[in-house]
Amino acid sequence: MDISSTEIKVRGYHLDVYQHVNNARYLEFLEEARWNHYQDYPPSYFVDKGWGVIIVNININYKFPAVLGDTLDVQTSLIKIGKSSITFQQEIEIKESNKIAVSAEVTFVIINLKTNKILPIEGDIEEVLTRTKK
Amino acid sequence: MDISSTEIKVRGYHLDVYQHVNNARYLEFLEEARWNHYQDYPPSYFVDKGWGVIIVNININYKFPAVLGDTLDVQTSLIKIGKSSITFQQEIEIKESNKIAVSAEVTFVIINLKTNKILPIEGDIEEVLTRTKK
Amino acid sequence: MDISSTEIKVRGYHLDVYQHVNNARYLEFLEEARWNHYQDYPPSYFVDKGWGVIIVNININYKFPAVLGDTLDVQTSLIKIGKSSITFQQEIEIKESNKIAVSAEVTFVIINLKTNKILPIEGDIEEVLTRTKK
Amino acid sequence: MDISSTEIKVRGYHLDVYQHVNNARYLEFLEEARWNHYQDYPPSYFVDKGWGVIIVNININYKFPAVLGDTLDVQTSLIKIGKSSITFQQEIEIKESNKIAVSAEVTFVIINLKTNKILPIEGDIEEVLTRTKK
């Protein structure tokens, strides 16, 4: 499946006491990249379908600190489609040095927003998530 | 009208490139203190009434930088009730030095969540906002 | 003086309980746009000069709520150069509707990072801030 | 080893498009609780020692969504001391329902801030981290 690329510049407000990008901020960068990965679908698309996209696990490795002025490339790909969950791999590369700042696996379930029940990953849902229909 | 007090410790993730609390983070501190100011009302109270509490202006002076480990006291008081708006004064004092880090005036309107119309500040709304009914 | 333009897409993590962009988040959008306004200067430029760029006041009007999926255009211009302070005007326009979500004036002083003294806005500092030298 | 407890009220600005606490915000809650866990040591203590406390991995399970008005209890304990890394277990319990919102394991290394080398977890470092000296 295809890999999308999202560019983010590291600014002063992304840093913390160590002058590195803060650990929580990276999760916003990863979320930004996932919204971007599905940019062909308007935000209302999922809601209109009655689907909630809910994170169940993030396993994130902090490998190399990103600092002020770095240009980050957040690479996002769907690596696993289970019966009831999907997993994205996301890597954040510092473009100036080609070092990997962060690598993460992010696992979701899709719920029916009315019943809160977990939906199987099949049919429409699978098509949208794998972006085979545009 | 009475002044409420909310204590916040400055942590590493509140800081930015200058090792001071970031300008945007102070607005979260002010919002935290306003939620605390009305803690006698459950969050659903306003929604159940159909009232939306919407900020229209913040005028904030950054006077002295708060740094890691500072204990902040966010003092909040309602200083003005207009026909259709209310204004809070909020000061953030660094307890260790008694210096004022930030002073702000924050102005709100109350809207009807269904019609989006601005409501006059009177009756129930005024009672709740001035916390005369508990 | 020239106006720069910074585009930001409103994502799910920018919203709050009202499903509008949160008041504090707009300050990050404004800061993002100011970093972008001076993108021709590397972040180290100011530090190497020994200059700290410190906010003293933000006066921000929240005019119209931005919501999920909106495309924001943050327009930034330097509107006033005083003896010891500078003021930016920043407007955030929702591109889909041409409505102004936010308008703000943001005032800074420049300090000597070693002495913490406020520096006069003249010479090198004025040239950089007005971006007449590139 | 002992477990510390940090209370956080869920406010409007912690929520996102789903009206749940946002996934990135939980990492700030976990960080807040870790600062609190070591509150007997002033923030300068680690810096004065020349130690940087650097996250290498967070594995976080999102189990049940926390919503506006929930009172969260962030329970933090050091569960593993390796040769060169330490791991905290952190659980966020919703006090009103006793449901676990989040469980996480957070792994750190300690570096020498001058050389950036990873330090072995022994002697002073171990004493401080296990809080046996107060």
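Every chain is named by a letter (A, B, C and D) in the order it is written, and numbering of its residues begins at 1.
By definition in this document, a residue touches a chain if its C-beta (ideal position, glycine included) is under 8 Å from a C-beta of that chain, and two chains touch if they have at least 3 such contacts.
Remember, it's a predicted structure, so these values are computed and weren't measured experimentally.
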Any chain in contact with chain C as well as chain D: A, B
Longest centre-to-centre distance from chain C, chain (CA-based): D
Length of the line joining the C-alpha centres of chain A and chain D, rounded to whole Å: 23
Chain centre separation (chain B, chain D; CA means) in Å: 28
Set of chain D residues in contact with two or more other chains: 12-13, 17-18, 23-24, 28, 31, 43, 68
Of all residues in chain C, those that touch chain D in their complex: 12-19, 22-24, 68
Complex contacts: residues of chain D adjacent to chain A: 17-18, 23-25, 27-28, 31, 43, 52, 54-63, 65
Chain B residues within the chain D interface of the complex: 9, 11-13, 28, 31-32, 35-36, 42-44, 68-69
